[in-house]
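What follows is a set of structures for review.
First chain A sits with chain B, and in the next complex the same chain sits with chain C.
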Partner chain A sequence: MLRLDDVTKRFRIGALGGRSLTAVSDVSFEVAPGEVVSLIGESGSGKSTIGRMILGLQPITSGTITFDGRPVRQGKEFYRGVQGIFQDPFSSFNPVFKADRVFAMVKDAYFPSVPGPEWAARVEDALRDVRLNPGQVLGKYPHQLSGGQLQRLLIARALLLEIRLLVADEITSMLDASTRIEVLNLLAELKSRGLGVLYITHDLSLGTYLAERTIVLRRGSVVEMGPTGQVFGGPLHPYTRELLAAVPRLHQPWDDATPVDTCAYHLNGGTGVLAEAGSGHFVACARLSTCQ
Partner chain B sequence: MSLQVSDLRVHYRTLKGDVRALDGVSFDLADGEILGLVGESGCGKSTLGKALIRMDGRMRRTGGTVALDGEELPIDDDRRMNDFRFRRVSLIPQYAMSALNPTRKIRRLVAELLRSRGAAVDPAELESRMAHVGLPPAVLDRYPIELSGGMRQRMVMVISTLLDPSLLIADEVTSALDVSTQKAVARALLGFRDSGYVKSMIFITHDLALTHHIADTIMVMYAGRLAEKAPADVIVKAPRHPYTRLLLDSLPEVGVRYADRRLDGIAGSPPSLLDPPAGCRFRDRCPLAGEECGEDPPVTELAPDHHVACWKA
Partner chain C sequence: MTALQEVTPQEREGVRREALYFAVRNGKLLTGFGVVAVLLVLGLVGPLFTDVPPNQYGPRPMSPPSAEHWFGTTTFGQDIFAQFVHGLRSTFAVGAIGGGIAAVIGMLVGFTAGYRGGVVDEVLNMLTNVVLVIPALAVLLIVNAYLGIRSVAVQGLFIGLTQWPWAARAIRAQTFTLRSREFVDLARMSGAGTWRIITREIAPNMSSYLFMTFILLFGGSILIASSLDFIGLGPTDAVSLGLMLQNATQWSALQLGMWWWFVPPGAAITAVVGALYVANVGLDEVFNPKLREL
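Then we have the complex of A and B:
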């Protein structure tokens, strides 16, 4: 459904744009319908830039991104199938609009011919799908709603468009532990109805909860990708191992991953070429053969 | 006993009335103890942190006392608190990454800050503390913008603790950091306590797993009140308050998959603190709630150092 081929993004930086910074380099992957792919990386790894390029919010320097075989382009047609939700639900809403107006704008832009009562029923259905009580949220201003409610409203809005791909960029990082998991469970249900999700996060535990496949990014390049169980159960790249070791866990002491000192990644900060290490499990490690 | 808070009540004044953000919280903090303070947004954890160092204009103490090393803290007297701030009570703010003056190099910034408090810089001590958190001395000759977020965070940590405060309040210091930086920052905080730079610490966070790794004691707050307080291992392994249990059950961990084990959130939301209902404030969301929950549950010590405010515990 969604396909990225050798996508690269360079930003011009410096006073006159004289220097360039490669934020994303040669990234390729696919997201199929009903599949959750998590894109994991630390700040500056390029994960959000990838999300923005998929949504057509940022031009691509080289490579191609296609949705159903057609290149990504801003426009109604495209956004009917693909929507993005971002980290901060409070700034995603216009503070002077009540929640119903947000939905009315969707109707005006995409479904002008749908009669009012039918639209109202659709809105209520979408709200129930995201476990919101329509009576509690419609007619309220954004500041009267909690972050979890707002984030679910955004998902409901995306559902009204009958989207097939959702780019979810850190959507739960501002939510409390108790509501966070509800948003994730909701995504899991939508996934079983055929929604493809690109779940962008820096939180490894949230990434593993949902995703079939995981992509680990470092400095704009994919260092490891494959089925989630394999990437986190048997990480091959030292960077993935380090990341996993740094995650605080409840019932285990923090283990000190001793960096592999013969590792190319540690010697020069470079990465190897992505190579297949198991079925569907790719690793960019120059020393893969000797490290295993 | 480093810090004693008894029955502290802090309200926010709003047009609609008082929001009872802290409604009768009592606890002690021993010398050398790190207290992890966890809870959902709006539970009063940040209000507690702020009350101990600087109350903003909307905050008002309506009852209770705070004593630091046996001396009462004048928390609602902004001017008299100045004698305590930085020297006796210090803060690493949530916005530590953007807390440094962008127009000064770090060396000058530190010197000016200390001079304003009538203290002088001991360059050797400063550099050794920076080395402690992994910052090279060259950082002193850089502008804040030249440092990464994690480095700025660690620099603020060093500055905050330069005068060896008795109490350090760390408010969500790791929530904006990547996991690997987060680990380094958490370790550095532990090191500060172990080297005696700070005597005791309150570590405010919403991340239970992280708190478990650095705190000696964990205090769980709910809707302005204490829900449970116990040694960190006890909170994680044998929690007694239903809220703590549900909170622990809702935490995804690496390796937990939706397909294998579905985690559940806690349905509902905390009550409004504008006019909170009588009785246990968790009762509407609590699976165990019964009739007695209509009355305020007292904080009882179930086992040594294990305090729980619940009728059903």
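Then we have the complex of A and C:
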């Protein structure tokens, strides 16, 4: 459904774009219908940039991103099938308008012919789907609602469009623990209805909760990618091991990450090509930065 | 159910009605616009009630306000009330034309540069900076002297064409911070185009800021026009508040104790600009839902 081939993003920085910064380099993966793929990486690893490129909000420097075989392009037709939700719900709403304006915008753009009362009923249904009480959230300004309510309003908005792919960029990081699990369960339910989700996060435990496949991103490159069980159960790349070691655990002190001296996948070193370590489990050379 | 009805297509109208509801209940806004309206009406209808041409010399020079001459007379016996109401008219005109043109250019350049960014921004910013460092008054002097500008409208036009750069810079900076907000992306994902995003998403967030820009440009245009009038490059056939102030200074009204000559024009300029400021604070409270609850 969604396919990325050797996607690279370079930002031009400095006066008149004199210098460049590579945020994403040669990333390739696919998301199938009804599949949740989690994209994990620390801040600055380029994961949000990938999300924005998939949504057509940022141009691609090289490579291709296709949705149903067609390159992504801003426009009503594309956004009918693909939507994104971002990290900060407070910034996703225009503060001078009421929060339910996001629904009115969807109606204006996609369903101008649906009669008002019917639309109102659909909005109510979508709100109940995300476990919101319509009477509590409609007609309010964003600053009168909580982060969890706003985030769920955005999910309800995506539901109204009957989308097939959702790019969820850190959608739970501003939510409290109980709301977080509700949102995740909601995603799981949507997934069972055939929605493909690209779940972008820096939180490994949330990444494992839903995802069939996991992609670990480091400095703009994929270092390890495969079925979630394999990536988390038998991490091959030292960076993935480091990440896993850094997950906080109860009753157990952190152990220091073992330094990398050897790399079984050094053959591919320097080229950025991933080696297949198992069925569907790919890993990059661990000494990529040092081997030439 | 009442809340639900607001999600219907009439929503936009509802927003306007709501703004109006708060507008007519805002004291600052009403006071500010009230003062401006009174002076504007005075400038518009006042000249109809004075039969004396504003610059005609009269038989009774230097007389203080009286029943015959409401605002007194000048050293040459000219009726100051007649000058005042005519002056208000041209002052409002030059402020509206100059401020209006500058605000429109400033917004176009500011929004385009701020929203587009990149090379477009670099080019527009360069242009803005070039116009910004041109000594506007000197250019206006040359243009007015060579083209022999003698009408309020053309004077306003030239003032507008030289006044916009700082407005463009301010709006550009504000647009920069707003365009990276996620609600812009959300609007984009709702199928909105660039123009719609600028007018419906970004501009409403800075509506009072935009109005303030206009007020400052309006006041600035009046002051520049007064300066031009002062050096004799203003409209010759008209009279303006700036010209009145200048004449008062030139003929030592202050030293001669003729307060009635300079107080009315000075007070009127102050009142117009000041009242617009107060109105702007009120507008901010009307448009910004967070301030309404205070």
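One rule holds in what follows: the second predicted complex is superposed on the first by the 273 of 292 C-alpha atoms of A that agree within 3 Å, B and C clash if a C-alpha of one lies under 4 Å from a C-alpha of the other, contacts with A are read in each partner's own complex, and residues count from 1 in each chain.
The rule is simple: a contact is a pair of C-beta atoms (placed from the backbone, for glycine too) under 8 Å apart; a residue touches a chain by one contact, two chains touch by 3 or more.
As the structure is a computational prediction, the values presented were derived from the model and not from experiment.
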Exercise. Which partner does A:120 contact after superposing on A: first (chain B), second (chain C), both, neither?
Worked result: second
Problem set entry | Which of chain B and chain C A:81 touches, first, second, both or neither | neither
For this session: Answer with first, second, both or neither: which of chain B and chain C does A:100 touch in the superposed model?
Result: second
Exercise. Who does A:234 touch here: chain B (first), chain C (second), both, or neither?
Worked result: neither
Exercise. Touching A:34, do we find chain B (first), chain C (second), both, or neither?
Worked result: neither
Exercise. Is A:147 in contact with chain B, with chain C, with both, or with neither (first, second, both, neither)?
Worked result: first
Seminar exercise, completed: In chain A, both chain B and chain C touch residues none
Seminar exercise, completed: Residue set of chain A touching chain B in the complex reads 42-43, 146-148, 176-182, 184-185, 188, 202-206, 208-210, 228-229, 232-233, 242-244, 246-251, 253-254
Problem set entry | chain A - residues contacting chain C, complex | 16-17, 52, 55, 57, 74-76, 79, 83-84, 86, 88, 91-98, 100-110, 116, 119-120, 123-124, 134-135, 138-139, 141, 143, 154
Problem set entry | Footprint of chain A on chain C - complex, ascending | 2-9, 11, 15, 118-119, 122, 181-183, 185-192, 201, 204-205, 207, 287-290
Problem set entry | List of chain B residues in touch with chain A within their complex | 40-41, 149, 178-183, 186, 206-210, 212-213, 236-237, 246-248, 250-258, 262-266, 269
